[in-house]
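Next up: the structures, one after another.
Both complexes shown next keep chain A, but they swap its partner, so chain B is in the first and chain C is in the second.
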Partner chain A sequence: MIRQTLARAYLALILIFLYAPIIVMAVMSLNASQFYALPFEFSTRWYERLFTNREILSAAWRSVWIALVVATIATTLGTMAALALWRHDFPGKRILQTLLFPPIAIPWLITGTAMLIFFFGIGIGRGTPAVILGHVALALPYVIVTVTARTASFDRALDEAARSLGARPFTIARRVTLPHAAPGIVAGALFAFAVSFDQFVVSYFLAQPGDTTLPVLIYTAIRKGFTPEINAVSTIIIVVSMALMILAARYARFGGTK
Partner chain B sequence: MTGAERLRALGHLAPAYLWLTLAVFLPLSAMAFFSLLTDVPFGTREWSFTFRNYADALTNPTYATLLWKSVRLAFWVTLWCLILGFPCAWVLARMLQGRTREALFLLVILPFWSNSLVRIFSWAIVLRGNGVLDQAAGSILPGVRLNLMFSESAIIIGLVHSYLPYVILTCYLSLQAIDETLIEAARSLGARWPRILWRLVLPLALPGLIAGAVLVFVPVVGSFMEPRLLGGRVGTTYGTLIEDQFIAVFNWPLGAALSFILLAVVLVILAAASPALRKAAA
Partner chain C sequence: MTEVRVEALTKSYGPAKALDDVTLTFPDGGFFGLLGPSGSGKTTLLRAIAGFVTPDRGRILIGDRSVERVPVEDREIGMVFQSYALFPNMTVAENVAFGLEVRRIPAPDRKARVAEALELVRLGDLGGRKPSELSGGQRQRVAMARAIVTRPRVLLLDEPLSALDRALRVEMQIELKRIQREVGITTIFVTHDQEEALTLSDRIGILRDGRLVREGPPRAVYDDPQDAFTARFLGEANVLTGSLEPGGLRLSDSTLLPGVTTASIALRPEGLAFSATPPDTPHRLHVTLKQRIFSGATGTLILDWRGQDLKLTAPERDLKTIPVDATTLWLTWNRADILPLREPV
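After this line comes the complex of A and B, so read on.
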């Protein structure tokens, strides 16, 4: 059983490596000292400051509503596309599926700068519309892949049976296809929200300075110098995004363990 | 497929793919175009076609050094991720079962889906001079200073932390698929663990290892935020060079050429690994 113990100890070390800095950050956001001085002295001062900081609050609000808009658009378009890919066989289908990979595989630095150039060229420029355009494009492949993974287990014959019984396409979608695909769609929507809410690189190139999203604001703030308020808002972000992913994991059942 | 069905399928697919075209494929083409210009074609500015940006990007020794530095950084980060991640994936896939495994697997993957910028920031708090690690080291061994901030080690630690879950995920998937009876057969024939690992497990897990390596290498070679925040002055990489062209220097044509060279490097790696990637995905 020495092997079992060693294995568990190793896993524990990896988990410490993954979580220790996050926990340190969370603890320090509740430390009274501005310079993270020890001994630790409990204070909610930085959170109170945070909720009076207009700049951070407005960036946070912008990040949330952009993520909601992005999740809505990406989930709608992505689900439509995924169901069409599942329902029909046609020449060029494989090419369409392959085209989903460049937005995921190409480093965001390249995609982001390319978007900046193109949006400037066609007159959209920088700003919130550009950010939404970019985020939806990054989120779409995730939605399509998640919904496709869910529909893979769904027999197309059911769809055809409903049609041969005279159901209209809209009724089939509402009563047969969508209920079955629902967990995949919910997971896809959560992924899309997370892709947008956590997105830094593409927002950094596309957001208007002074009118930015939360991650861009945090980046600029860190480069100017540390402030415990940034620490507090970062802690909130990490808690929100982890909670979202636990939800998404429950719906998507990724990892193939079930 | 009837004509009406075909039309409906097209109607369902078109919005998503038009969006991808507008926001990804056209911008990449626009960047190719820009990288061949002498100046940005906005307003009344004069511009013409040139290969000078590529000539500059490829012959300027500073740029070449930075590209090499980024490739080297990506190599070390990938290597550390594989060394740390493979045993972890083995424990998860072959030594744990049921709900424990499920819960621990989720715990390992979770940070990867959370905000990467914030996680890098959390390392800055831990690593900086007079930070948590420094004070902890000082209190255990008085007089010892441990300031890793603004060093290459800090960048590597932060990036390994960011991308380790990728490797664990891909290795986990390929290790889980290995048939237990194969390992038992090898053992009953008298093979010892090092031999089983080398001759049986590693070859079978290779697609997962390669997929993980590519998923780490590609984003790291284009990273700029992590080196900036954790590397400070030593943190100039090819990524920060590109960032500067767009954010600070406003030399977009040169930036576009540098981005395209990076894209070429990425595509070569993806193409070389694509057989393994396809196997890992299946």
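After this line comes the complex of A and C, so read on.
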């Protein structure tokens, strides 16, 4: 009994630790006072102000469409890469597979700096194309990992069975391989979207001033002076990101049930 | 009319030869069992005929067509895999229809042929199920239907029954044979289960270390294995070796077996008889009783003859007559039960 109670308390503490700041922020985004004054007085004025703030809206829109483009490119490339890694054996495959993972662990600050230097070196410079390229590079390993997790459970005999029945590689991919990999692909796409949409560091380095994404705008706004509008927009971002992650986790079936 | 033939087929993986100069004809409409221990090359041979393995040398003919350079998808084969490899995202009917769709068979025709194939494997009413909703035996039937619905020139079965439990396996053996007879398709199947090979096949081929050791109708091979490996692999065999004399085979205990003209012979465990007293025939050995194994209707005796283990199987009601405290026995056999072996080992 006592052990169970303690375990529950422990779980509660973890959840509080994870979510308390977020909840405070979400609550304050609905508080009328600009200075977090209590008692709490419900108001949607910060959300209203937010939706009339052109700068925030255009940055938000830019974030969304960049994330969509990034998710599309990264998912396509990542899925093709994962399927190729699954299907073929070639010299250097192990090295390539190993090299796909470190980018996840390299601090974004360093990746961002490296990209900035590199993009200037090859003439791309800063701007939205650079941001998209950077985000794709960040998102790609996530897609490859989630798709590979699915293909690992793919019975090679299915591929062979389809061939023995006369199917060409394209038909096999469309009718057999992709349907099996689909949950991994959807999860990968959601991850890619989230990586791009939530990305601050690399965007900060690569975006043109005045042409920024939402996280960069928020950072700039905080430096100028904090307003509860930031709470409001952050709350929206949190809700969107969490929804994406929950969806991705469901598709990728973390937790092991099949 | 599809006879399948491989000629001088050779395939190496590094220094290991998976297939070593195999020449073999699979007769039209026949049920051919390939067997051998694991690593003998039987699966490699099947996969080479399918096209999943590219041989280093040699020819593969399906009908009159030489197919070494033809990709799997153009070889007009049907294949049943050990894991069945049913497409999990498709229903039973969609699985069976897949090969027809790929061949662009028009929908009405396709439907009729799928129904016909499912009827043949007695799954007529399960077309709408997903593979995950079927039992092992039913999956096996779907895999068969899917493999034959395209009317392939040859049907290849890769250990098709190994995933089933024993009772179901026997039932499916009968089914496989029935389906193959009804369709009349040239069938090649791989198994490591010698009993299964004997039950199903019109002809068998025994492989060892990538080489074809023996080929022929099951009964002929069983009754005249010709070499010690085949004798031991197909059924069980007690191999006796001695020196040849003009009068016959002299064994190390100086027993002379008259009329034998090879240095080694094999005796099937079921071909041996026993008695407590010395039998009145030169075909006899004096042995020590090591172990009695009871396994229901038939029993086994493990016997020691000059340091060599010999095996005898007999109906348990005969074995019961041996006194519990017996330590030695006389073994005997009919002259006709001696299987001469060309080479020992």
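We adopt the following convention: the second predicted complex is superposed on the first by the 254 of 258 C-alpha atoms of A that agree within 3 Å, B and C clash if a C-alpha of one lies under 4 Å from a C-alpha of the other, contacts with A are read in each partner's own complex, and residues count from 1 in each chain.
Definition applied: a contact is a pair of C-beta atoms (placed from the backbone, for glycine too) under 8 Å apart; a residue touches a chain by one contact, two chains touch by 3 or more.
In this text, all values refer to a predicted model and were calculated from it rather than measured experimentally.
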item	value
Simultaneous placement of chain C and chain B on chain A, clash or fit	fit
First, second, both or neither for A:E48, with chain B first and chain C second	neither
First (chain B), second (chain C), both or neither touched by A:M28	first
First, second, both or neither for A:I218, with chain B first and chain C second	first
Superposition-derived comparison: chain B or chain C, residues of chain A touched	B
Touching partner for A:L165 - first (chain B), second (chain C), both, neither	second
Where chain B and chain C come nearest after superposition, their Cα distance in Å	9
Chain A-touching residues of chain C, taken from the complex the two chains share	50-52, 71-74, 76-79, 81-83, 85-89, 98-99, 102-103, 146-147, 150, 156
Residue ranges of chain A touching chain B (in the complex, touch as defined)	3-4, 7-8, 10-11, 14-15, 17-22, 24-25, 28, 35-36, 38, 77-78, 80-81, 83-85, 87-90, 96, 99-100, 102-103, 105-111, 113-121, 133-134, 136-137, 140-141, 144, 169, 194, 197-198, 200-201, 204-205, 215, 218-219, 222-223, 226, 230-231, 234, 237-238, 241-242, 245-246, 248-249, 254-258
For the chain A and chain C complex, residues of the former touching the latter	155, 157-158, 160-168, 171, 175-176, 179-180
Residues of chain B defined as touching chain A within the complex	1, 5-6, 8-9, 12-13, 15-17, 19-20, 22-28, 30-31, 34, 40-42, 84, 87-88, 91-92, 95, 101-102, 104-111, 113-119, 121-126, 128, 130-132, 135, 161, 164-165, 168-169, 172-173, 176, 218-219, 221-225, 228-229, 239, 242-243, 246-247, 252, 255-256, 259, 262-263, 266, 270
